[in-house]
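As written, the chains take the letters A, B and C, and residue 1 is the first residue of each chain.
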């Protein structure tokens, strides 16, 4: 009476046919293809035009950041005196900007902890809610489905600023104002329209035949969602998770409004304040900006690998 | 009655330390624990909802739908729809919401001498940023796809996304900074002009091209987003299509034009739409770099300025409503695309 | 099977809980007995705490303070409260934000205000009091009697809205200063001008000697333009006089009144004169793109001679060169922006005001403390490099480390000086922190004609 009923036959073959790690069918010869396509790509890139374009874009995109990076190690007097590209002519480097930024009025590790404590739930919660909603919009027939979806999609345009007063007064009534809960809730709400829109689009790319097959085998929506769709969506989820992570990590506005005192404030608030009341210490900002970039870059680098692998696994279309 | 009162008092007495623990975390360990509690609590609640749906045999569709869509709709209704409706309502009132003034705020917006320029700028932003960022992201994704340097190359273009708006503001200050002719230039672009033997230029002040220099900042940030999503889509193109095209003799630009782009069309629509939406809302760049001066303002910046600097809530609300209206073309375009996709399916 | 047993267990647990609750409910829970104010009357006052006795014992309480003053200037504030915290036992939770002006009304409207806010503009105080009646608590008796005793009545006036006294003064600054290099002036044989005409004559002489007299910058992020409004206000006080200035602030004369046009033209004689500006930065337009924080720095290189900016600019020199000496015989110093004649010495200035949003005794006590000479005298030594001034007349002038701060404090305390508050801070937000700023930027960057500028600002007056 407590054992779960055995999964329907067709469904079972579908899932057990997968490679460990939840990759879908079709994975097996993906690897062979990959090798072949890599060879093709090498041939393609030997085209000087393609390499030229890639190099130009990469340089254009990196120069501004490089400038900031070099600037962050220069004494404030030098920053004003000449451009960072002259750094080799006057090679004076200092860690003062970093020291001063880190030795600000409050312990910086606390802001780091706050940023992490804010970010993780603010990524997990909206993605979970959005996954469920996106599934319904993509695969459950219900009256008014398209209208509702378009409405949710259009809500992306609501500026966060107009929600500040109504949300804050509500949190106040609930006694949540200024706590982590208020920040988590707000981030989750603001992320939902885009999350639903993106995940819905990914979900619709999944061949209907897979869902149909599972349905015919008697699987309910919950089972289809967890057993068929979720494994296929790993790359899409990873992709959105990266962006949601970045947006939350770099967010200043929500933090300013909903994160009460210094106990809850994330790193961005601390860095924005580094400029000083009258903007006279803005050279510290360059160091501060780099400190706050560290975690996002690490997250991107570590997720990127996973992300690319996941996407290959998802290439089952057609 | 005393019994009930005591029960209530006991519950309050027992709840007090719990709520303190939940609301006022103290120290890093406590914060991380609270974070875990929040995630677990959330997962448990969602799990319970789904479990109930799954267990209930032959539940009507609306119950299942509600379980899936309900949480999202509740969050959105509370957090976005209600404030949006309030804003629409407020846009018909005066600066502190105490006097009904009909459409006066809208009349004021459209009769202001500078508002035509604001609308023109907004149009430029919302057309150029998505197109240019997507084009660059796409081209880059194609040319670095499966090369030896792919990871490094992608990281370089992705980097701007990981910088906060505050950081981006400083970075581009170092690019556009102006010093008079003859003085040492501290802005890279002006230094380049000087090296080329040209006059230094006030990049942010010379209208109308200054709007394009601001747009460049947003493109710089968003290209990484386009690149990441499109690179993923390119990888998902079925190999047989590529093979077949190759057998037909397609290479290089024609392969790009006739195979790559059509195959990733849905992803392109998603990227264009997302960037367009983000662009309509963005005001930080304009606000930190020119504060909307020198004819560079956009609707979102005007909205912010009126609501929070001039403290004219009614006028600010009407500008937010204009933003809502500006998004309608994007919504219609997407609905069309959705219909097309449905037909193909 | 397992489920059945689980059910049994659950039932037992639930029953036990219910029983416990039933038993418990027969007796009320133990009362919390926090150390309420005054319940340990025999507490000895800590050493040196005599001046704090009047505030009573505030142990276990806390006061939240929300301000626009952020790092690094926040630390002197936080440090100046330590005695209050030690002696009364209250905990002061300081929170500074650069977005203060935008966020305070949001928090007030949402019903989540801080206990105390430092408001830098009386105009913002008026808006909050009028838009959200009952949000701001009128100043308590102790604080009000302090203000009556230690401050010029005009300072009480700025914190009064519609006849009720709402906010007490905190810091002050004097804006009518021109920064210069004493060494360079001595070398060139220039005298410090004492009338407006002498100032213009000096400027001409510098031009004749091949220099560019003025360096100006009005860029300030999203508040770009405010330093230009200070110029107009300072000159307005000199060309039109304090009475007309007051009418202008209260909108009894329109913004495009001929008196204002005259003042703007006088400002234009300097700011829009290609010979006079913009030393070290470029042409007239470069004024709009030069950060006000950096605008005075060419003085250090000898490229520029004069820079008009408030007393707080003293703290900025350090970021150009950490070894800069500010003083009459140092690298830089400031002279008073002269009046039309030597008999007139109008003074433009600004300051912050303390508004309370709660009536709790610790909040009232803290507000009163901030009006006391004890606090001012504790605050001044926190600024060894200068940059902070009070208008409190109970202060000890000897404490000022910076000669400019001391000069400012003396000017503020001088009964003969005609002090006027920064007009843009008094005007409604639509003008004072919006159209006034942006139109001054247009005036400089796009060479918008004087009359159009004034007409457009007048049109934006609510």
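Following the convention adopted for this analysis, a contact is a pair of C-beta atoms (placed from the backbone, for glycine too) under 8 Å apart; a residue touches a chain by one contact, two chains touch by 3 or more.
Heads up on the chains, UniProt names are A = Sugar ABC transporter permease; B = ABC transporter permease; C = Sugar ABC transporter substrate-binding protein.
Here the structure is a predicted model, which is why all the values come from computation and not from measurement.
Trainee: Which other chains touch chain B while also touching chain C?
Mentor: Common neighbours, chain B/chain C: A.
Trainee: Looking only at C-beta pairs in contact, point me to the busier pair out of A-C and A-B.
Mentor: More C-beta contacts join the chains of A-B.
Trainee: Looking at mean CA positions, which chain is nearest the middle of everything shown?
Mentor: B
Trainee: Which integer distance in Å separates the CA centroid of chain B from that of chain C?
Mentor: Inter-chain centre distance comes to 35 Å.
Trainee: Where the CA atoms of chain A average out and where those of chain C average out, how many Å apart are those spots?
Mentor: So the centre of chain A lies 40 Å away from the centre of chain C.
Trainee: So, what's the distance in Å between the C-alpha centres of chain B and chain A?
Mentor: Whole-Å distance between the two chain centres: 12.
Trainee: Give me the residue numbers in chain C that touch at least two other chains, ranges are fine.
Mentor: In chain C, 221 touch at least two other chains.
Trainee: For chain A, write out the residues touching at least two other chains, lowest number first.
Mentor: 80, 165, 272, 282
Trainee: Out of chain B, which residues touch more than one other chain, so two or more?
Mentor: Within chain B, the residues that touch at least two other chains are 308.
Trainee: Residues of chain B touching chain C in their complex?
Mentor: 3-7, 9-10, 12-13, 95-96, 178-181, 183, 202, 204-205, 287-288, 290-294, 305-306, 308-312
Trainee: Show which residues of chain A lie in contact with chain C when the two form their complex.
Mentor: Of all residues in chain A, those touching chain C are 1-2, 76-77, 80, 104-105, 164-165, 168-169, 171-173, 177-178, 256-257, 261-262, 269, 272-283.
Trainee: Can you check the complex and tell me which residues of chain C touch chain B?
Mentor: My answer: residues 21, 24-30, 101-102, 105, 127, 130-131, 221-225, 280-283, 285-286, 288-289, 429-430, 433-435, 438, 441-442, 445-446, 462.
Trainee: Give every residue of chain C touching chain A within the complex, in rising order.
Mentor: Of all residues in chain C, those touching chain A are 1-3, 64, 68-75, 78, 93, 95-99, 103, 106-107, 109-112, 220-221, 291-294, 297, 312, 315-316, 319-322.
Trainee: What residues of chain A sit close enough to touch chain B in their complex?
Mentor: Interface residues on chain A, with respect to chain B: 33, 36-38, 40-42, 44-45, 47, 50-51, 53-54, 57-58, 61-65, 67-68, 71, 79-85, 109-110, 113-114, 116-117, 120-121, 124-125, 128-130, 132-133, 135-137, 140-142, 146, 148, 150, 152-159, 161-163, 165-167, 170, 175-176, 179-181, 184-186, 188-190, 192-194, 196-198, 201, 204-205, 208, 220-223, 225, 235, 239, 242-243, 246, 250, 252, 263, 268, 271-272, 282, 285-286, 289, 292-293, 296-297, 300-301, 304-305, 307-308, 311-312, 314-315, 317-318.
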